[in-house]
Structures are given as C-alpha cells and as structure tokens.
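Shared between the two complexes below is chain A, which pairs with chain B and chain C, respectively.
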Partner chain A sequence: MTPAKKAKKKIEEKIFIPQEKLNEVLERLSKHFRVWVPVLSSSSNGWTVEFRPFTIESEPFFTRQSTMPPKSVILPQGETLFQYEYVKNSDDPSKQDLILKETINAEKTLVFGARPCDVRGFVICDWVFLRGLYLDVYYKSRRENTLFATLVCQDADDACFCSSVGGGPGDMEGSDIRITSTSEGFVLEGLNDRAKEVISLCECDPPSEEQSRDAQRIQEEAKNRIIGSLDVSGSVEAVKGQFQNMGVWRDIAESCLSCGVCTYVCPTCYCFTITDEIQGLKGERLRSWDSCMFHQYTQEASGHNPRPTKLERYRNRLGHKFCYFPLRYGGVIACCGCGRCIRSCPVSIDIRSAVERVKEVHSNACVCS
Partner chain B sequence: MWNEITEKLHEVLRNVMPQVDVVLGWERGFNPLRIKPVVVRSEKDISRLVWNPFCVQNLTGYLVKNPAVIAGEGKKVAVCVKGCDSRSLVALIQEHFLDRDRLLIIGVPCQGTIDWRLVMKKIGNTTTVFNAHIEDGILRIEHSGGLEQMSIESVLLRRCLRCAYPNPVIYDVLIGETVTPRIDKSELYRNVAQFEQKSLEERRNFWIDVLSRCVRCYACRNACPLCICQDWCIAERRDPKWVTQRPTIKDIFIFHSIHALHLAGRCTECGECERVCPVGIPVMFIKEKLNEINLRLFSYEAGLDPQAVPPLLTFNPHEAGI
Partner chain C sequence: MLASAVNPYLPELGRVVEVITETPTIKTFRIVLENTEKMQAFDFRPGQVAQLSVFGVGEATFVINSPPTCKDYLQFSVMRAGEVTQKIHQLVPGDPVGVRGPLGNGFPYEAMQAKNIIFIAGGIGMAPLRTLLLFMLENRKDYGEISLIYGARSPQDLCYRYEIPNWQKKGVDVVLTVDAEAPGWTHRVGFVPTVLSEEAPSPNNRIAIVCGPPIMIKFVLFGLRELGFEDWQIYTTLEKRMKCGIGICGRCNMGEKFVCADGPVFSMEELQGMVPEL
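So, the complex of A and B:
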C-alpha cells in the first residue's frame, strides 16, 4: 500500500506560502530535508527544466513540466551499491582479503513541485522494487525517506495523456502534500501523517478564505479535466497477437534512432545495468541507468543478440509498458502519460499512435481470421 | 508557398517512382510543429510527404545505419535533403558508405529550420497547437490559447543561424528556388573565436556547466549520420572497457571528446547532435572548433566535394602546416 493511501482521511493541515516567501520557506525546509525543486537550466536554450537540490540561489520553475522527471531522486543515474578493496592477508601474504563497504545512504528528502505524472512513475516502479519477487533495499530506503509535495497540474500540452493511463492532473496517489499554485502563491495541504512535519516547518499561516476557494476551484478543474484520448484497453492482447508481425513494428519504429532519450526521460523506465568500476585494488559496484533501446542491453556473451535491431527494441519498450508489465502486475500499465518520450523524441515517434496502430492491426487481423 | 513546394515534391516523386522503390522524406507528426521522418514504399503514400521549415531531421543516416533503408536490385533510393543534409551525403559517398549511383537525391533549398522548443516558449503552455502557417518570414501559430505571430528568425535552430550552405551541394532534382546564405563562409567560426576570448577558467566552467546535464542517452551519437561505429561504439564497449558507466563530468567529457574527435575533418555541421539533445547541450560547438582547426590547417571543409579525401583519412608526409 502506498503511503498516501494509508492515511487518506486525515486531511487537516493547510497553509499558504506567498510567492515572495517561497525561497525563504524552502531554505528553512532544506535544513531538515534534502529538497529537490524544478529549475530552469542555466546557459541552455532556455527550455530545459530539471530537478536539482535546492540552494539559496535556486529559482524554482513551476509553469512547465520538467524536461527530466525527478526519477533520479529515487533511482540515481549512477548509484554505488558497495565499495570494495583487495588487501594482502596479514597471516598469509600469498592470499588477498576483500573488504566490502556498505554505501546505502538515504537522506531525508523532499521533492517540491513534482507533478502527478512524475509521482505516478514511482507508484508504478514500486511494483517492481517493493512489491515484486525481490525487495530492492536501495530503492526502498530512499523511497521511505522521500516525501512528495505535488503540484496540481494546470499545464498540459498536446503530448500529455495522463488521464488515459489511470492518472490525471489532480491525481495525488503517492503524494504526501498537495500544492495548488494560485495567482498569489501556493496552498499546501498535508495528505497524510508524514506531511505534518513539513507543513509545520514551513511556519506559514493558513490560507485566507479566498485563497482556499481559489485553490479549491483549481483542484476541481483539474479533477474534471481529461488529458489525452488514448484507449489502452486491449493493448495486452494486441501486443501479444502482433509480436511476430514485424511489418507493423517497422511502420512504427523505422525512423527510430535507437537512442536512449525516451527511456531516460521516462518516469517509469527503471532498467539498469551493473558494472564493476575498478582502479588498481579499489573499486565499486555501480548500478546505472540502462536503456532497452541500446544494442548492448540484450547482447549475450555468445555474441547472439535476441533484439538485433531497433525494431525489436522498440517493440520491447512498448510491449513492456502496455503488455508484459500489466500481465505481471495485475493489469497496471507501466506508463504515466507524462508525454516526455513523445515530446523529446528527436524523430517525433508517438507512443500513443503506436499503441493505437498495434491495436488497429490486431483487430483487423482478428476480423479476417 | 510551402504547400506549393510540397505539391511539387509529390509531382517529382511520382515521376521518378519507376526508378526508385523507396523514398526517404518527412511527414507531419503529432502536431504541426513536429515533423517525423518517413519511409515511403508505394506511390499512394507519396501524398504523406511534406516539405517546410519544420522538417528538421537529417535523413541521410537512415541510408547507412542498421537496418539501413536500401533499394531493391536495379532500383534507387530517393532521399530528400536540405543543404546541410546534402553535405552528409557527400561525406558518406567519399567514405564509400554510399554508392552515388543508387541514390536519387531530391534537393530542397532551405530557409532555416525551426526549433519547436523556442516556439513553445513564446506561445506558453497550451493544450493544442492547431495550425502553423509561414508566410514572408512570419510564423503564425493557431493554438488553444489564441493566435500568435513571430518572425522565423527568432525561432530558428542555432545551426541555421550560422548556415553558409542552405542549398544542396549535390542533387539530381532541385525543388524550389535557391536561397541566399544567411552568413558568409568567412563568418562560420565567429562564435568559436568569440568564445576563445574568454579565460580558460571561464571556458572550463562553461563546459562543466552544460555537460553536467548530459544523461548519456547517446542521441547525439545516434542522430549523427557520420557516427558509423553504431553498435560498436567505444562508449559502451566492455571489452576492452574505455569509459566507465559513472555519470560524472569526467566520463561525460571523455565520451563527448571521443565523439567529436572521431568526427574531426568529417563533421559537416548538420547540427543534428545538438538538435536532438534532450537537455539542450550545445554539442555541435565542440565540433565547430575542430572544423575551424581543420580549415586553418588543411584548408578543407567537409562534405563539399565527393571526389575529395578528408584530411585525416589520408597520409601525406609533405603536408604543409604540420
């Protein structure tokens, strides 16, 4: 059960942070938490927004979805699993001992200003790392120590489709605090017991009646908005049925560059590789992001590669999210509808139309046979 | 105007269809600002193709990267190229990756291509972009938030603002009228010279700042038509292992250095590496410096003459300047 669900009924605490006081409040919070906020990258084309640890110079940026999701807060791009060192055995110099050093270090963390789709990404990853066959202690320790203050989303564009995959612009599953951005500032509401500490550390007044009404109106609007029109029903059967129909995968992915953009900007892509990075007698075992779009991802030691081209690789990415994952985890679609893979794809491949295409081909094939 | 040129493109392609059995072009993506590459194999699909300033992608990489788009025996591949893309073709022909005789090159003079991110920044957060219309250098966007106008110059990709070769340098058919280059060849490395006025410390900090955003998605590498190591890239080789998987600035810098050095004297400055970067790193800038050295030492510009041999692909002990 996700933390938000446990105590959904205890909604009481509500405060208002005036726009001009935001950095002051975040600075106060950062004495107790590692606070991550979305910021506009310096010296870029003025577009890239990333989550970075808050500093007093930070200018949090909330009016557009971040380019990179806050995935790395829980699943860092490179994570040391443990460190090791070979040393001479003092009793028998012909032998070597191995010294292992544990490196789990999960600080108390607050992600301020993620969006419902971003947090839904973690709710989906939980199935794999917390609720599946194996319990991942690294993921778990960070997940348990991280709170999400989530923005009610008012900024959908035409790549967004959160409502099609079980989310929505007002969805607070997995979140601890709801942030509603109004014209003058931010209304914060605790959604569970964990939120209380954060709310009280803010040292802010409750919202005025008008501010409360404003926030409520925005929340109501978000609740009623339907973002995206993809119908995912039947995707499991369609992908299974068209698995060997390479024609349809060629239509969809012939223009794919086989780069890792879609997987790295995706809040629900969690695949990793493990390497030993060693220099001399000291080293570390590193877990780092991997991408099913890469040739190396399925390269076998024999030299054989079961997914030799981008077509098989793209089929896997789509199949994983809309077929294999729901088959394994009770029908859950492994996509949060944030639209980042669509928006950031250098060749504008649209996973929504890809799913629709596979479904369409499948239903035509079924009618004929 | 763009509709007319698009129609002309369709007409030309219908005429040449007996010679070719596959066409590489562009079609509309999920909104009018987003165009995607498309491979057309039958005459009825020719009408899907478009040509306008949103056609950002360089399609020539598809001709060489696995699984490459190739023509059946005795047939040709028709490929649409802008000025910069045509230079990639020349480089690929020079290096014997492509056989000129198997190509039917449709050249399209280019007035510059548009960065959708800059457009979105100007129109704000909207639900839907309905229409994008370009006339006389003005882009008019109809979107759910209203109507917005902007000059094309204000939303061009950086590569286009410094383009000296907007007209295809190699083609079989040219569609549309040739255009005047935005800058003169002598100005190509103005930005490099300006950057070099800065102190070492400033330059170092600039690169640390921009490269620290790199997520090693390798889009810059995969979009580059001349990055031909493909699945055997040094960045991912494990045996021998040259680069670690750590996302630290040192490893990122090594990757980008290798990427750039492999293109020294070969890069045709199509700018795809930079355009595809999801986090806005000016990746091409590294290659501009290498090309500036290349021009100074060897008086050579990549991708102009199919008969020429790139300087680093030859060896001449009497070379002047070394």
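So, the complex of A and C:
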C-alpha cells in the first residue's frame, strides 16, 4: 500500500551519541550536510518546535513532536522555479529578447530527528512529485539529496493516529537512519547504504551492550504500540456516496474558519501556486504553498468558483486524503496520522471524527435505501 | 512533446507574430517558438492545451487552436478576463512569450472516425472545437456529415467569422445564431440550445462535441438527451483554474481526476463517473 520499498539492506553499523556530545557531532555533520534539527522557540504566544538549519547555538529539541513538520526541507514554502530577464534585441533595439535561467540547486541535506509520521509525509508526496505523468525536478533533486535520521517515537499524544493510516511509532519507511533516544543519549543505526557516510562522519563508538539493549527495548515497544483507532476502510465509498449530502459536510465543517492552518501544518498537503514577480527588467517565477481551504484557490477568472463555500472546500480536503488520492495512487491514504491538523485547528475540527461521521452517515444511508 | 523534457515548469521561448482581433473581448495570437527545431517538432492533438506565459505577470492555460499540421505558428484565442489575459491582450507582434505544452489529453478523434459529427459551440467555446474541425476537414474522408451550430451574444461576439465561408465550402453545414436581433444579421436568432432543438440532428451514428459557457452546456446536454443522444456520444472540454498544468499542484481536481492532466476533454459518460464539482 505504501510507495517506497522498505529499506531491505540493513547495515549492522550502530553508534552511540552521548547526550552531551550531540552538538559536537551535529557540528561535524554540518560541515558535510545542511543539517536540520527541531528546535524550541518560545514567544508571548506560547512555544513552537520547528525544524531549523543547525548552528552551534542550536538546542535540538526531541521531546515533543514538532509544531510544523519538516515539509519545507523538500518543498519550501516559497521557491524560485526560474529567473528571467528582458534585454534589448541586438538587431532591433525597439524589440526585447528574454533570457531564462533555471535555478535548481539542491544541497546535501540531513534531517536529524524527524518522526516516522513526518517522513511518511514525503513517502506519500513522492507519488505526486515523482510518480505522476511528469517528474517534478525541483522536488526530486532535493529528495535525492536529503537523508532522514528518524527518531523512534515515544511520545504520541491523543491527537496522533499514525497506526490507523499505515504508519506507526517505529515505522522507518523512507528513513535512512534510525535514532533511538535512550536515557543517556542516542543510538543511531544505518538502514541503508546512504547512511554509511553519516554514521562514519559522526566519529562515535558503538553502543555498549546495555545501551543496545535499551534501544532494542524501546524499538520493540514502539513496534507493538498501536497509535489511534480510526478505521479508514470504506472511506472511498463513503466520500463518493455522501458527496452531495451537504448535511453531513455541514455537520463536520460548519465551524471551519477557512484559515488553512490544517493544510500548512500537514506533512502530506502539497498544493502550491505559481506566481511571477518582476522588478524592472528582471524577475522570477515562484512557487509557494497554497491551500485548498482558501476561497480564491479554485476561483476562476470568470468569477465562477466550483468550491464556493467552506463546506465544499473541507469536503475536498477530506475527500482528497481518504478517497481521491487512494483512487488515483493505488490505495494510498494521503494522511500520515501526525495529528497536527487536529492540534492546530482553532475550532477543534477533528479529521478522525469527520471521516467516521461520513462513514456512519453513508452506512446508515446504505441500510435504509 | 513537452517544452522541456527535463523541467516541466520551464516554458519554451516564443514570439508573437500576428494578432487578430476577433471580438471586443477576444484576440487570437499566433506564436512562433524561437527554436525552429522545437517549433517543427511541436506535436499535439486537437483539444490539447498549453500554458502561455507573459514573464512578469504569469501563466494561463489556453487551448491550442491551430491545426496540428500547421508548423508555421501556434494559435491561441484569448478572452480578456483576468490579470494574465489583460496583459496578453496588450502583446504586439515581436513580443516575447513562453509556451509550456502541449498538455492534457485532446479529443479521441480516432474513435470518431466514420461517424457524423455535430459541433455545438458558444462564444469562446469555438476555440477548442476549431482545431478538431480543421483536423477533420483535413481528413475529410474519415468522417461522415460535419455540422456546426455556433452562437454568440451578438454578431460581433462571433470568433473566426472570416473563416466560416471557407468551412462551408468544405462541406460543413453551419448554423449561426445570436441571442437577439441585430442590424444586418441574416442568420438565426435565439439561444444555442433552442436552435439545437429546432435543428434536431439525429443521434444516429453521430457524435456531439460541445463547448461554451456552463449554462449553455447544461441546456445543450438536456437538449441532446431529448434528441436521443447517449452519454458516450457527447464530448465536452472542461475549464478550471489551473496552475501547473501537469497534475501536480492539486488545483483543478474533480474527485480523483485532474482537468489539466486527465482532461480537458471528457465524454459525458466519463463525467457521469466523476464527482459533480463543476
């Protein structure tokens, strides 16, 4: 059901990074990779955890899931697709020529401390950017140049439901290195050949027997833990079957503010817009995150809008994740169960209850008809 | 052929060579790609679209309405409606533009062979049908009777009026109509769906290809069904707001289908299986 093949080639190389040595190791890795780590930042509005490029002042924060996923490492919130410049035509100065310049420049990158759900987000997005009719060269170049060192997740909360959508707290699909956080530090294991370079650059000793045992226990626990209880079976039929039942969509989305935060914090939401910017004779074509929760998203030049209210827009978001995406991409659910949309929604819309509600209404409708 | 086989977002550079004013709000642009080899190799199916760029303003999607055999230029008819089309309307011969395409599926003209064809168009909806019509006229023996019902609000809102006598000469049965009486107008008066009902083409071995404003399509479909046309006999092209044009950006979906990549041409039979989100 999931796209990327499990990393089959297990490299037996393991190292242990003592807690107090972490920054030293990350500093060493930073000389070879652009290293992203989750860091805590607090403001008067509270705290957030975001992935930031590592600097020696960074204080990596691994004890809570990040507020924002590391989505922007592969799909930046804004990026230049290409640059252009109008120049005078040498034969006829009254005319202008145009020069285009491609701007693909992916750096070697390591995301250190992502969660299994975060990485699964990319495994899902790969279907769109790498396996569709056209190859997205910008996404591809960054994807190929990025390694994921993924933390075995030990602190799922009430909003998490990764196990319901094919993942799990110990899921390493799409990851290159497994990090297990123990009381004294971090056990790192390479999961494929790509990991070798990182592991050796760390210049750390193998874990002691006890550290290994600790890590193994944590991994076993994660493997056996079930996070969330949403049953997604039948969601495809339910969304299609209840598409025109606006009553059910009103039940679910009446309180929606169309703020779009659910899409911004979502590791699997990838919709974007393309715009031009120009100053004088030089400009850029940009791509930036967009959100299907916004009114203007589908607004046509004529003024017609196929999704005129928040009900149609929420229906599309839920439908895309649990019906349209699976129909288009071999059954893959476009949700990684990270729970960020639930935690971040200012009016407490819960996508799990929404799916359950559509399914319930659909099954009742089927019984009655 | 995509403009750049490597980077699907990178347009091919071209230049406007001719501008034809069709109506007060519609202009036709003839564009030649700078790279002559790419111009010669630009191959597409009638009904396919391309993204036209004015660098600094943006891109918008238009149907390529020159016939595929024409290697002298690519033709686009553009109705002034938004920011990009406003800028396109200001272009003059010699101005640089970008072309990204061809994109989308095009008409399944092979499946239409040996069939009678009726084109039903309203306003700018004639643009996608023009390419297929010209293609069929170039391959006249492959098709049965070809007829066209074409309507606009007023005589000056009809596109390609200068070409219509030529189509008639090649055996197309053309019925023109406008919404209201106008000085010097000698053709029909009335909405396209009404004229369709009056003309009452037989559904026997006939394919109907419909394009126009949504309200026209809605009533034309009703009329066609009244006449006995079945869904597999009816084709239309859909319009949505598009950005990437290659099924990635996620904007133009109707359920699991993307209008840019899976369309813009759909049979009514296909549309019946899709979520109704027009």
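Note that the second predicted complex is superposed on the first by the 357 of 369 C-alpha atoms of A that agree within 3 Å, B and C clash if a C-alpha of one lies under 4 Å from a C-alpha of the other, contacts with A are read in each partner's own complex, and residues count from 1 in each chain.
One rule holds for everything that comes next: contacts are C-beta pairs under 8 Å (C-beta built on N, C-alpha and C of every residue); 3 or more make two chains touch, one makes a residue touch a chain.
Bear in mind that the values here come from a model prediction, so they are computed numbers and not experimental data.
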| item | value |
| --- | --- |
| Side-by-side fit of chain B and chain C on chain A, or clash | fit |
| Angle, in degrees and to the nearest 10, that opens at chain A between the C-alpha centres of chain B and chain C | 90 |
| Touched partner set for A:Val261, first chain B, second chain C, both or neither | first |
| Which of chain B and chain C A:Asn245 touches, first, second, both or neither | neither |
| Partner chain in contact with A:Tyr270 - chain B first, chain C second, else both or neither | second |
| Contacts of A:Asn145 with chain B and chain C, given as first, second, both or neither | neither |
| Contacts of A:Asn23 with chain B and chain C, given as first, second, both or neither | neither |
| Touched partner set for A:Ser363, first chain B, second chain C, both or neither | neither |
| Which of chain B and chain C A:Asp350 touches, first, second, both or neither | first |
| Least C-alpha distance (whole Å) that remains between chain C and chain B when both complexes are overlaid | 6 |
| Doubly contacted chain A residues - partners chain C and chain B | 273, 275, 277 |
| In the complex with chain A, residue positions of chain C that touch it | 2, 6-11, 13, 55-60, 81-82, 85, 94-96, 98, 214, 239-241, 243-244, 246-256, 261, 275-278 |
| List of chain A residues in touch with chain C within their complex | 81-82, 84, 86, 92, 95-98, 100, 102, 104, 128-129, 132-138, 240, 243-244, 270-278, 283, 285, 287, 290, 292, 297-302, 304, 306-307, 312, 316, 319-320, 323-325, 327-328 |
| Contact set on chain A toward chain B in their complex | 41-48, 50, 63-64, 67-68, 76-78, 155-159, 254-255, 257-261, 263-265, 273, 275, 277, 286, 288-289, 291, 294-296, 309-311, 342, 344, 346-350, 352-353 |
| Residues of chain B that touch chain A when the two form their complex | 29-31, 34-39, 57, 61-62, 66-67, 69, 115, 117-118, 120-121, 125-129, 158, 206, 209-210, 213, 215-219, 221-223, 230-231, 236, 238, 244-248, 272, 275-276, 278-281 |
